[in-house]
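The same chain A turns up in both complexes below, where it pairs with chain B and then with chain C.
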Partner chain A sequence: MRKNFTGLLAWLVQRITAVYMLLFIVFLLAHFLVDPPHSYPAWHGWMMGSSVSIATVVFFAALLAHAWVGVRDVILDYVHAMVFRVGLLVLLGFGLTALGVWVMRILWMERA
Partner chain B sequence: MSIRDMAASKRRRPVFFNLMQIQMPVGALTSITHRVTGIFLTLSVPFSMYLLDLSLQGPQSYEQVISLFHKFAFRGAAIIFVWVLAHHLLAGIRHLLSDVDIGSQLPAARRSAWFVNLGGIAVALLAAGALL
Partner chain C sequence: MHFSIFRYNPEHDEKPYMQDFQVDLQPTDAMLLDVILRIKNFQDDSLTIRKSCREGVCGSDAININGRNGLACVTRVRELKEPVELRPLPSFPVIRDLVVDMTRFWKQYHSIKPYLINDEPAPEKERLQSPEDREKLNGSYECIMCACCTSQCPSSWWNPDKFVGPAGLIQAYRFVSDSRDRATQERLDDLNNDPYRLFRCRTIMNCTEVCPRGLSPSRAIERIRLRMLNVEGHGGGLALHRVPTIK
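Here is the complex of A and B:
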């Protein structure tokens, strides 16, 4: 059973996304230590700048892919009844997709 | 052993996930905490996104997010979040290193497991020092 769900691709996705997120978090932390935004215009301007907003959307894409592989592994290990297993995986998939759409709205669509 | 015997013994292999009855060495503690923190972090994504959204909507909602950090309960939650994230990141780095055969021998693996478990707490204490 398990063999059908897992594979080299999932393993690779888990690691590549982890490395990207790690670099992004270090970058974010460094920015907040060196030049913390002290006002709304500073924060908004920094966050909405094209490079930071793109890097942030990529971060969330990596996060959602990473969460998919990780939570899926946990579900496959602990939930054995097929109805619940598939139900939870579907819920997870829709939930993560919705979050992905939401973050793109936050960073790219709202507020000119 | 024939293929058939091997398949049969593989089917008889014990699958045992009752964590309350397993004697846990330090690496097991690191590993299960990596999982639990991963689930916790996944559940915290919508809340983080909500705060990000609020902080970017306008000056007033930005101030609302800032004022959250004046609340003691919110700071407490933030410190717990920092511990969860720090443990997950450190355990993840340990995983990546053992993928490239750094620290995968048992003594080194046990040392790095201690480092991860205590390192996560140390980072949380740093955050507590900064926030409280």
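Here is the complex of A and C:
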């Protein structure tokens, strides 16, 4: 556990990422209500336009950071033995990183 | 009235048990402590409880009444749902019957350095404080350290030796907001550098709900978080809230 991601920073990250994700989801829903794409190529073209795809990448980065803080909080609360705590946090870290790589591959493969 | 009271004497009993008592209420029995002392005086004098001021200012007789922590001396006995279940404060080691070992509680309190830290030369009379600055202490200095809040806090249950707890944190806030104190940054750093000391608080708010003095430790903890971000908050003290009745 890095000392510089303790306490206040983690708490802030959780709340700031929550706000960004809320705004992104509201924006997404509003767009689909007001101007829904009528075919896969239309949706693909809109989603992979530069600003939306960048916002989407940021959304998934925020989601992974938010999930890291949330699950880490649960592990810190309930797992007391140092060995298991570190082990679970490492698994969590690797798991979220793997998910992140997967998301990037999906988004970038679509672009290609 | 029917009472069911937690009994445990480590010298005789292998494990705790609940003992039932029937009490005919006298007109003078207004508070729960009156009835507990009546049981002790006339039915079973081995029943053990801490009590002192009998007016809600010392915090000695904090116990768990029908599942909620409160002070026996200011809990109206006639309004309680029967059978009235009395237990010691949750999660603290039981010394005997309704008396618990508060060592852990005091240790957390001492860890936040509950004293003024000011190395400037002492003035001739007092260290002065304006009325506005004095108001900032309202809503945190009134704490009587009864442990109702900390003993009802799930984060304190899961990490009692690492999480400071609502009582310790509201006292930390009392010193952080004291204009005469000069160690504000050290106090905030101490609570920030370890993810356990303050940040186990999930704003569950059991503490605010059961405080018999109407204090809001959860609001104080929020203010400490804002101070860590250098946001002064609303200035002023913390408001007291109406204490909900125990049923």
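By definition in this document, the second predicted complex is superposed on the first by the 103 of 112 C-alpha atoms of A that agree within 3 Å, B and C clash if a C-alpha of one lies under 4 Å from a C-alpha of the other, contacts with A are read in each partner's own complex, and residues count from 1 in each chain.
We take it that contacts are C-beta pairs under 8 Å (C-beta built on N, C-alpha and C of every residue); 3 or more make two chains touch, one makes a residue touch a chain.
All of these numbers come straight from a predicted model, not from anything done at the bench.
Visitor: Between chain B and chain C, point out the one touching more chain A residues.
Guide: The partner with more contacted residues on chain A is B.
Visitor: One more residue to check, A:94. First (chain B), second (chain C), both or neither?
Guide: neither
Visitor: Just checking: does A:67 make contact with chain B only, chain C only, both, or neither of them? Give me first, second, both or neither.
Guide: first
Visitor: Where does A:19 make contact in the superposed view: on chain B (first), on chain C (second), on both, or on neither?
Guide: The answer is first: A:19 touches chain B but not chain C.
Visitor: Under the stated touch criterion, which partner chain does A:77 make contact with: chain B (first), chain C (second), both, or neither?
Guide: both
Visitor: Quick one: classify A:7 as touching chain B (first), chain C (second), both or neither.
Guide: Touch partner of A:7: chain C, not chain B.
Visitor: With the touch criterion stated at the top, can you tell me which chain A residues are shared between the chain B interface and the chain C interface?
Guide: Shared contact residues on chain A: 77-78.
Visitor: If we count contacts the way the header does, which residues on chain A are in touch with chain B in the complex?
Guide: Touch residues, chain A against chain B: 15, 18-19, 22, 25, 40, 43-44, 47-48, 60, 63-64, 67, 70-71, 74, 77-78, 99, 102-103, 106-107, 110-111.
Visitor: Spell out the part of chain B that touches chain A in their complex, as residue ranges.
Guide: 17, 35, 38-39, 41-42, 45-46, 49, 52-53, 55-59, 62-63, 89, 92-93, 96, 99
Visitor: Show me the residue ranges of chain A that touch chain C in the complex, using the header's touch definition.
Guide: 1, 3, 6-8, 10-12, 73, 76-78, 80
Visitor: Touching residues of chain C toward chain A in the complex: what are they?
Guide: My answer: residues 155, 158-159, 191-196, 198-200, 202, 225, 228-229.
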